[in-house]
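The structures come next, written out as structure tokens.
First subunit A sits with subunit B, and in the next complex the same chain sits with subunit C.
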Partner chain A sequence: MFAQVEFPPIENIVEWPEIFFKDTAVAFNKIGLINLIAVLVPVVIFLVAAAKYKSRRVPKGIQTIAESAIGFIENGIIMQTIGPDGLRYLPLLISLFFFILVGNLFEVIPGFHMPANARMANPMILAVMVLVIFIAVGIKHNGPLRYFKSALFPPGVPTALYVLVTPIELLSTFIVRPFSLAVRLFANMLAGHILLVTFSVLCITTFTLSLLVVIFPFAFGMLTALTAFEIMVAFLQAYIFTILTAVYIGGALHPDH
Partner chain B sequence: MSVLAQVANGLADVAQDVVELAQEATDATGLTADEAKANAAASGAGMAYGLAAIGPGIGIGYLVGQAVQAMARQPESAGQVQTTMFLGIAFTEALALIGFVVFILLKFV
Partner chain C sequence: MPEIVTVLASEEPNASILPGDLLEVLWGSIAFLVVVAVLYKFAWGPLIRAMHGRTERIGGEMDDARAERDTAEAGLEEIRAKVAESKREAARIIEDARRAADAMTTELAERAEAEAADVKRRAETDLETAREQAFVDLEGELSRLAVGAAEVVVVNTLDDAAQQQLIDDYINRVGAQN
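The block that comes next holds the complex of A and B.
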């Protein structure tokens, strides 16, 4: 009468077999496909919007998405964290934002149901990229000596304390920053994915059984609510990744404050 | 046969008995060493995530509460406060997420 709720092994919900160009050097799986789409969607949106922009100044349709996204990144992220001279990093931040957002949104898109960023490779590469970029920005705008001096020897600290402060700064700036950036995105998306899988399994189990069907409406309600919640999380994580990138770039650009 | 050899023989017998008793105890619980390890890992995983969620939970609650208070007092600086609030949440949340990763590692890997 009561069948067990059987949670699938974790390999079944995060690992996908190679399905395209199988057994060749360019074989890729669902995650690769999602990444490809996540690259192409913003490119198409912005190309179409740019083509429309020449003839029509009042935004409509896709153009609205592109223009509000630029406005959001410009006023909501760059001006708040870097300042006016951060506007040259707008293309980088917009690409990051859209790549992560589209990759995350595939968590709730039927047929895929897998956030691309729930595999560690994705956030890890993005975080390493951010690390390289903010170090490069710091070196380019302040010179290597001044940048590393301000990063490792923060001013206003008594000289004796540098024994303690410098290792901590080294660890927190160049190791913990990219690590936490990657783990934050990865763990959020994986947690959301596992949550959705759990409630889907609960729904399936209760739907096919006789007595437990009374639980089904609650499980289904939870699943619906969590789907909406995960859409919000997808936006929030893309936003947080972008804003942290902006903060790190801002810190490397103006190391003295 | 010397006394020493007899004592050594007796000790060996006792050791044999202890090993057999331990074997019986293991059989009684019906668990192999791997299963016992998996059980410990599972309960440890639950503990790890539960404990890791306490601090960040309190922290984020306090943080957002203070941010709402700041926004209510000075609505004109709401944008700035909101940005800083999200940054603070991101940093605080990282601890809970590392707890979650530990949970995954203990439970599934």
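The block that comes next holds the complex of A and C.
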């Protein structure tokens, strides 16, 4: 006996109907709701932690979580990629990390089953924001001439090679960087989402009274393992996006290094 | 001939929040709860212990810092007290020196005044001695001149008036001696 499994069409996997302001430019759907929650969750966590910090210096509970997150971004990302100069970007990088992480975690949260970053609009906007920020940082700290000269004409390269190197640098720094940043996050989250949907459908298919039930433990085991894996991927992708942002900002701060 | 079972996934469009096929939600949620249960079983304990450990470590560090601050403040008070004591000692030494200087000034002034008075007294004594000596010398000189004059008078002839004068002087001296 063979089973022929048909998966839902892609629009059923990633498209969500509009909830508010239908058919307008500011239409609000499930992705918008997840984004809103992804903004509110870290804001609430850090506001509560800050309020507790004022009354109690020794951290407990949510304050420990907030302080650990700050320590992780500070020591694990900023000090490793930018150095002490980068501490002024701590709020930006923490916001970015938590926004992406919470948006990603909705991939496995019951009832939602959809990572906000599996829609290209999210990673694309974040990547464009990072592009604008690191160019602004470079111009602010080095002046426009020195920054673009360092970025497009790397020192130590023979003059004749600039014909080749400069277009490559232009593409890699200002086009490929944001593109790869956005696509990496989007593709990982979409792939994970499709995998989870695939094994969910396989569970539905094999959880029958027929012989197919023998496959069910494998399907459910894979679904469970992939759920755990996707939680890890949610953290990992948020971390990668944040650390690359820090690397780009560090590069813009010290373009000659 | 094997039987082919075709299972069609729901092609219902998604609702506002939930996916079109609610069974996907069911299995996805069950898998998520299994993962949460496994994490709770194996990771929750170490995570809570790590959080408590961090809390205790920071609490201990803050207690140590508080104790060090108290010690430093006590040391600061001690140093302030020593500085105040040193200032008082310095003021006392300066006052003693000032008093000693005043006493010495007074003593020197009194000694100088005494010496000046002594010098003045000696000068007066010397002056008196010299004056008396001058009188003695003058008397001697006058006696010598008187004797000389007497010799002249004796040598020359006495007239009546001179004789009368000598007699009178003699009578007066004799009267005065008696």
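Annotations for the structure displayed:
Rule of thumb we're sticking to: the second predicted complex is superposed on the first by the 245 of 257 C-alpha atoms of A that agree within 3 Å, B and C clash if a C-alpha of one lies under 4 Å from a C-alpha of the other, contacts with A are read in each partner's own complex, and residues count from 1 in each chain.
FYI, a contact is a pair of C-beta atoms (placed from the backbone, for glycine too) under 8 Å apart; a residue touches a chain by one contact, two chains touch by 3 or more.
This one's a predicted model, so the numbers in the text were calculated from it and none came from an experiment.
Room for both subunit B and subunit C is found when the two structures are superposed via subunit A, with no clash between them. By the touch criterion defined above, A:184 reaches subunit B but does not reach subunit C. When both complexes are overlaid on chain A, the residue A:240 reaches subunit B alone and has no touch with subunit C.
Within the superposed three-chain model, A:132 lies out of touch with both subunit B and subunit C [touch as defined at top].
In the overlay built on the shared chain, the residue A:50 is in contact with neither subunit B nor subunit C.
Which of subunit B and subunit C touches more residues of subunit A is settled by the count: it is C. In the superposition on chain A, A:40 contacts neither subunit B nor subunit C.
Once the two complexes are laid over each other on the shared chain, residue contacts for A:111 go to subunit C alone; subunit B is not touched.
Seen from the Cα centre of subunit A, subunit B and subunit C lie 150° apart once the structures are superposed, a value rounded to the nearest 10. Using the contact criterion defined above for the overlaid structures, shared-chain residue A:7 touches subunit C, although it does not reach subunit B.
The gap separating subunit B from subunit C in the superposed three-chain model is 15 Å, by closest C-alpha atoms. Subunit A residues in contact with subunit B (one complex) as well as with subunit C (other complex) are 9. Against subunit C, in their complex, subunit A makes its touches with residues 1-9, 11-12, 15-17, 19, 29-30, 33, 57-61, 64, 68, 108-114, 196-197, 200-201, 203-205, 207, 210, 212, 220, 223-224, 226-228, 231.
Subunit C contributes residues 2-21, 23-25, 27-35, 38-39, 51, 54-55, 58-59, 62 to its touches with subunit A in the complex. Residues 9-10, 76-77, 80-81, 180, 183-184, 186-188, 190-191, 236, 239-240, 243-244, 247 of subunit A are the ones that touch subunit B when the two sit in their complex.
Residues 79-80, 83, 86-87, 89-91, 93-94, 97-98, 100-101, 104, 107-108 of subunit B are the ones touching subunit A in the complex.
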